[in-house]
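Scroll down for the structure; my scribbles are underneath it.
Letters A, B, C and D name the chains as they come in the text, with residue numbers starting at 1 for each one.
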Amino acid sequence: MDKLHEECGVFGIYDHAEPDIASVVYTALYALQHRGQESAGIAVNDDGLLTHYRNVGLVNDVFNAETLSHLPKGQMAVGHVRYCTAVEKGRSNAQPLIVNHCKGRMAIANNGCLTNGAALRREMELHGSIFHTTTDVEVIAYTIVHERLTANSIEQAIEKAMYNLEGAYTLCVMSPKKLIAARDPHGFRPLCIGQTDTGGYIFASESCALDSVGATFLRDVEPGEIVVADENGLRSITTHCGKKDTSLCVFEYVYLARPDSVVDGTSVHVARKRAGEILAQENPVEADVIIGVPDSGLDAALGYAQASGIPYGIGFLKNKYIGRTFIQPSQKQREKAVRIKLNPIADTVRGKRVVLIDDSIVRGTTCAPIIKLLRDAGATEVHMRIASPPVVCPCHYGVDTKADDLVARTHTIEEIAGMSGADTLAYLSVEGVKALAKDTKTGFCTACFTGDYPVEFNEDDNNLSKYHRKFSDNQ
Amino acid sequence: MDKLHEECGVFGIYDHAEPDIASVVYTALYALQHRGQESAGIAVNDDGLLTHYRNVGLVNDVFNAETLSHLPKGQMAVGHVRYCTAVEKGRSNAQPLIVNHCKGRMAIANNGCLTNGAALRREMELHGSIFHTTTDVEVIAYTIVHERLTANSIEQAIEKAMYNLEGAYTLCVMSPKKLIAARDPHGFRPLCIGQTDTGGYIFASESCALDSVGATFLRDVEPGEIVVADENGLRSITTHCGKKDTSLCVFEYVYLARPDSVVDGTSVHVARKRAGEILAQENPVEADVIIGVPDSGLDAALGYAQASGIPYGIGFLKNKYIGRTFIQPSQKQREKAVRIKLNPIADTVRGKRVVLIDDSIVRGTTCAPIIKLLRDAGATEVHMRIASPPVVCPCHYGVDTKADDLVARTHTIEEIAGMSGADTLAYLSVEGVKALAKDTKTGFCTACFTGDYPVEFNEDDNNLSKYHRKFSDNQ
Amino acid sequence: MDKLHEECGVFGIYDHAEPDIASVVYTALYALQHRGQESAGIAVNDDGLLTHYRNVGLVNDVFNAETLSHLPKGQMAVGHVRYCTAVEKGRSNAQPLIVNHCKGRMAIANNGCLTNGAALRREMELHGSIFHTTTDVEVIAYTIVHERLTANSIEQAIEKAMYNLEGAYTLCVMSPKKLIAARDPHGFRPLCIGQTDTGGYIFASESCALDSVGATFLRDVEPGEIVVADENGLRSITTHCGKKDTSLCVFEYVYLARPDSVVDGTSVHVARKRAGEILAQENPVEADVIIGVPDSGLDAALGYAQASGIPYGIGFLKNKYIGRTFIQPSQKQREKAVRIKLNPIADTVRGKRVVLIDDSIVRGTTCAPIIKLLRDAGATEVHMRIASPPVVCPCHYGVDTKADDLVARTHTIEEIAGMSGADTLAYLSVEGVKALAKDTKTGFCTACFTGDYPVEFNEDDNNLSKYHRKFSDNQ
Amino acid sequence: MDKLHEECGVFGIYDHAEPDIASVVYTALYALQHRGQESAGIAVNDDGLLTHYRNVGLVNDVFNAETLSHLPKGQMAVGHVRYCTAVEKGRSNAQPLIVNHCKGRMAIANNGCLTNGAALRREMELHGSIFHTTTDVEVIAYTIVHERLTANSIEQAIEKAMYNLEGAYTLCVMSPKKLIAARDPHGFRPLCIGQTDTGGYIFASESCALDSVGATFLRDVEPGEIVVADENGLRSITTHCGKKDTSLCVFEYVYLARPDSVVDGTSVHVARKRAGEILAQENPVEADVIIGVPDSGLDAALGYAQASGIPYGIGFLKNKYIGRTFIQPSQKQREKAVRIKLNPIADTVRGKRVVLIDDSIVRGTTCAPIIKLLRDAGATEVHMRIASPPVVCPCHYGVDTKADDLVARTHTIEEIAGMSGADTLAYLSVEGVKALAKDTKTGFCTACFTGDYPVEFNEDDNNLSKYHRKFSDNQ
């Protein structure tokens, strides 16, 4: 698919036996890099002393031998990778956020987007709160700290805060002596618990981060659950803030999560493959070969192939050296250079009727050049099959989709097929996408496909004015 | 002298006719670089939209064509260079600090050190304030914002805040429509006002920053004064927070400020030269040549030479290519390589009785190797003369001197002379240092030489515990 | 497979209508990056003026907006990517090599390894030649220039030189007015000809480079052929240096070339898939799923799956963010972090009998950890199948294999199976590897599998002494 | 003065007792950095094994912990810093040059410019020599190697070569077992000998490099002398290539060499100060203060002051943080920002008649803005005095002056005074410049002031065509 941005990946570890806790977080952030490529940060808690480093860039831009050396040994740590929009680039919005308050220090990392963030911010400002950033995580931190003034413990403060927070959030909170995970009652974003081989505990956005550091998956954090790791081990709090219909973001399976992760009981790879199988049943076509757009369409393509009985083929070579720094010195060269990143393997498609599988279409700009590559390579027919329904509504819970960008919002499937040059184009049905992860323990949010938003939202929370809010102090 | 660290340099500009305001600030920060070499930042106000960039490093590490291009055109801007201690390196303490509050946004840059910063912080935390950094500038910003809730204007809020702030501070505050300078009632740190050739206004820590951007010096900000630049031009507020004995840091003349700056009516170069003259009168010696330690001892050396009638000589070549990145691969090589940075010009000193002038001695570690260089080059006698009194007390107003480091606190002048290998050693008297800037409009703080602290201070504000404060949240 | 190094990729373009010839080469070098990741270089010929830039690093390390801007517009250019061993890192061995001689200038880029390079070098040195590097390309350049003294043209000089050069070489030579390609009579390394859409000509190591710049494949350069591109178009010279048995390196199909390239008439992807099919016939096994080691084992795995009827599965997720800069701060963490690069998709293998396909085994060090990952993920059996025969002999024609490193040289297949932890291990037969590219127009070199070396070699040319040759000048 | 470029600095060390020879060279190159800021290189000889590293950039750009770590321990090493013109930037012309020949390897570093370089190159090319660069050092190396074929030793080969080499050269040659220095018979460029505290030997362009590594100055290499350091100690050869009139470049004293160096028996600082004294006698003026342009005019200013009896003053502050990376985003800002680099100290010049001393005027572009600064700062008169004669002829012996750039070639002194805005302008006489170093053991080259060239030169050797020579191979 064309590139979508999710807001973040979070990671926390509580392990008194780990000698180099910063390097564990660093390794885990690599595994979560796909969830946020704009900034990275680590905060280490060494017996109550907190040290952190965060900056703009990929994990291996931000952390190197020198910056890692500034982080001490410790017993707890929190890490974060983040996507941020262009307007925020120079800002100090990298996480984890560290705040000092009357009862001590707190580090906090979040994935997700509040629906009442602007309202909470406005209310707290009226009571004298001073914000340094424009992020939801700061609103969440302030909400927790304000409850902390009267609460008996940090976890109780989080409990109370959750009554006020609405929308999507997935938290790793580090207090002086505790590491605490919390997931919003709808469970929009994934969060799981692991155990290290030295008996410590880990919270992570995806299970692939556990694998990367050699930890064992214990279970997912439940929607609405708070999990506390401290000297007494793990403790769960589930008695607060009522019962909600759970609504895990189904796009996590479609595109966002890594295929080797298991989210709320379902393997992402299996879900994608199953999406391909359902797609084959819903939208069969006579063809000679099934190919996927690398890398995100490959799982569904295999599922489609196995369900349809049409052979699976490797249709493209993706250049693994092309990074952010590829320079395209002239327009003419740029047009020629489509194939620098993705080159068709002509022998796979020449003289054949090809089914091309992708995970999703958002803006729809990448289909046409890819289909042209296949025709130039000799494909006689190209049938495009998309392993998710048309994206027609923006996300308000943490995925960076804007209504104006969504091609399926303003074009019919026939029009999109025409624009892309495909002989036929078909999408997975909404029923199909709901069925791709049938073993998942939660319900799904399918708002981007259906417009059924599980939580109401305030438009103010979703436009750029909150980032570029004009000064209002006139005196 | 051995390297001392001052906390900061501040700069602000209000100029609707300047087409590239960020580059003006960038140029000015270069001129103020000597006041802080650890981080740099610029915030630009474009018709109420605020954009800022700040990072760890020298001005030309932090700002390059790319990072400058992120800053918009604008009508106001604030810039800052900062020294920060090692323990803070990874922290987000670069200035200007930007805060959002109920009445809008505010950018603030500070030079100086509060004496009641920890107390104010503690009090505000008890009332629910949440701090992100360990800097005084955050305490100052919060104090101003809290007053802003009930004040009629930002400048009134600053007025009220100044009743609570104690110690040294020098502020550039940027509100939506105003640029405001404020200097603490003692006037510890310098701050001046300039005018651009397009009619705009500038506030800067030193006049050399005005020169660097082609602006004209108007006057100094008075101790205790608030100066507002807005659409109505300049306005001064002096009716608040009582009358204090002014106490400009005399070390600004001795070492901190740039020789080409004029501080509170006295040229720094002239003051240093005069220090040399007084030193010659107080501590004459028969000799053949007067030389200064580059670069900070040169002005005083010239003064000493002219007052004594002994010829001035150029005693050392300072290698201008040695930067922070010089690598010293082995201990043996390091010992040999003293002269890579400073090499004596043998013909100036061979067979001669040399008077070696430096501006000050703090830790006293650099004297011995320099004097040895002179003897190796053939000097028959080396008489060390210091153009300031012995530094015996730490500074609590913004200069990074620690009691334990001060050689003159624990050693007699004779002992220091012995350790350094000088034939004789003499310092400027306290009366002498008070006389070096006799035209200055303010009184002086000479606490580092005398222990007479103009403002009481809290020990909590001066130890590292405030940076490394342990978590206290036990629940 | 574990990482093998080939020496180089070459690229040349002759196109008077291309406005930005350096950026064409830059794009093409990206496509050839897999053939050499240690240095890169481009030389541009602008109407007889030659400008070049080359340095150590990946293409996008070496070339950026600034370094590309130093290269002029031009009508011809030569580019090169290179692998070099550690001992050579600081040396100026990046290509293209530029030499000045009595008849002008020449730029030359080579892929391959001479078998008589040391002998030629020694002979030329005895006649007064002075070498600056230890590379074969310099020996080739000098041989050509020496012939040029008496030859009528540069192509005639190359013709004559080819009588003296033995072993593997693939040249792009740029003279003032001509771009010339030459391939050794055995055709060890691939080289093809393309045409740009503006009528220009391209020579490239692999056809994927043509694709990347939007050029059309014309044909391969024949073994022993010289092809001249100049103002008269293309011209072929084939009448020189006798008839040889052709012996294209079969490892180009097995591992070295990119799957989307077509080498001497056979698609690399098809050849690898066919290797998997033959492997399935030669070494069948009862199993539930066929998976490949990403990325080099995937094509063969698909072939094996389709030939065996056992389902193809996606067994691993390869982290696409792990680059050369991943830091592994501690040994303990390193051991844990195997899965940071390659993580099994447990649902693909859990409870299943798995056939794991890789393209080859050279040192054999990577098999065991990968197989352990699969067992940990729940595979009940792991059958390793290798899509090429055991590598038992070092290459003398340009691939960096050393006899001592080859596990199959010193261990039986059973031993290797035991070391790797596979239930069974089987390789493709030598007959099988010869059959994988049956449509290829040339014969094959299979020396690394068989020890049948098509060209004799001198041991001196193959040991490090040539790089680290001791000074012999005793006077 | 405005920036002049000299070609190079050379350094060689022979010391079996030095444990980290590369870091000695690295330190010395820092001290010689002023002689060449475009590239740097080090070659280390470890018992016959040669390793080198060189690249474009300042010493601390080229060498860091990583690149230094690639250089082995050794017993001999050669280093080089180099200035190169823009057209050569991408080329591999950094020194030391390493060549392999029939009798072994040789590393060579040179400072100076041959007058018959093009002719020698052409002749060698006609005999089959192949050049990789366009540098004189390659011509010198080839000339030596060709003699080496028949000579009994490397030093004999250098002896013979010196009969053919004409113009300026200063060599450090490293053969397998010997380190050899050679200086052209005219002695155009300086070269001296030092001894390490462990008994080793050093050759260096300037004595300041000896100081920087803690070595002791022994003596200068004589014009025409060859000095060999090997296991037998030092040996001098002076019986070859006839007696020439020596002609040390007087500009070494005027500007090129570092003031703390002693060149051929005269301290550079003393020579510059004496130039100021003679200038005061030749061109007296009534004035109140004497100031120098930092840094190169300071020594002469002090001499002028002491000879005239007019007080010496510190007239400017030079910003020590301005490096190559200062960004000037807009033209308007650039004009304003003259004072970012050099700011007048107003109190030194206000209301005074100022004599401004600079070492030389080449292009003459920097005088006017500096004089304007002084007038703006309140100087009532500005009398410019130049401590060398007008530069009217280009240098053919290694300084990058082009006839077209020389303001004094096309303008009278009155015109230059008018352009610069000085009240009066006067230069040192030619007799004066010859007298500034009266103790020097050699004669002087004053060609740039007089046009009396000690060695004839070929125009071909002095135009850019040799760098950009068109391809001449037409076949």
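Just so we're on the same page, a residue touches a chain if its C-beta (ideal position, glycine included) is under 8 Å from a C-beta of that chain, and two chains touch if they have at least 3 such contacts.
Here the structure is a predicted model, which means the values were calculated and not measured.
Graph distance from chain B to chain C, where chains that touch are one step apart, equals 2. Hopping across touching chains, the smallest step count from chain A to chain D is 2.
More C-beta pairs touch across one of A-C and A-B than the other; that pair is A-C. The centroid of the Cα atoms in chain A and the matching centroid in chain C are 38 Å apart.
Averaging Cα coordinates per chain places chain A and chain B 46 Å apart.
Looking at chain D, no residue sits in touch with two or more other chains. Listed by label, the pairs of touching chains are A-B, A-C, B-D, C-D.
For chain D in complex with chain B, the touching residues are 19-20, 22-24, 26-27, 30-31, 33-34, 58-60, 63-65, 68, 197, 208, 211-214, 258-260, 262, 267, 269-270, 273, 295, 298-299, 302, 306, 311-314, 316-317, 319-323, 325-330, 332-333, 335-340, 343-348. Contact residues on chain D toward chain C in their complex (touch as defined above): 45, 48-54, 67, 70-71, 89-92, 97-106, 122, 125-126, 128-132, 134, 141-142, 145-146, 148-149, 152-154, 156, 175-177, 468-475.
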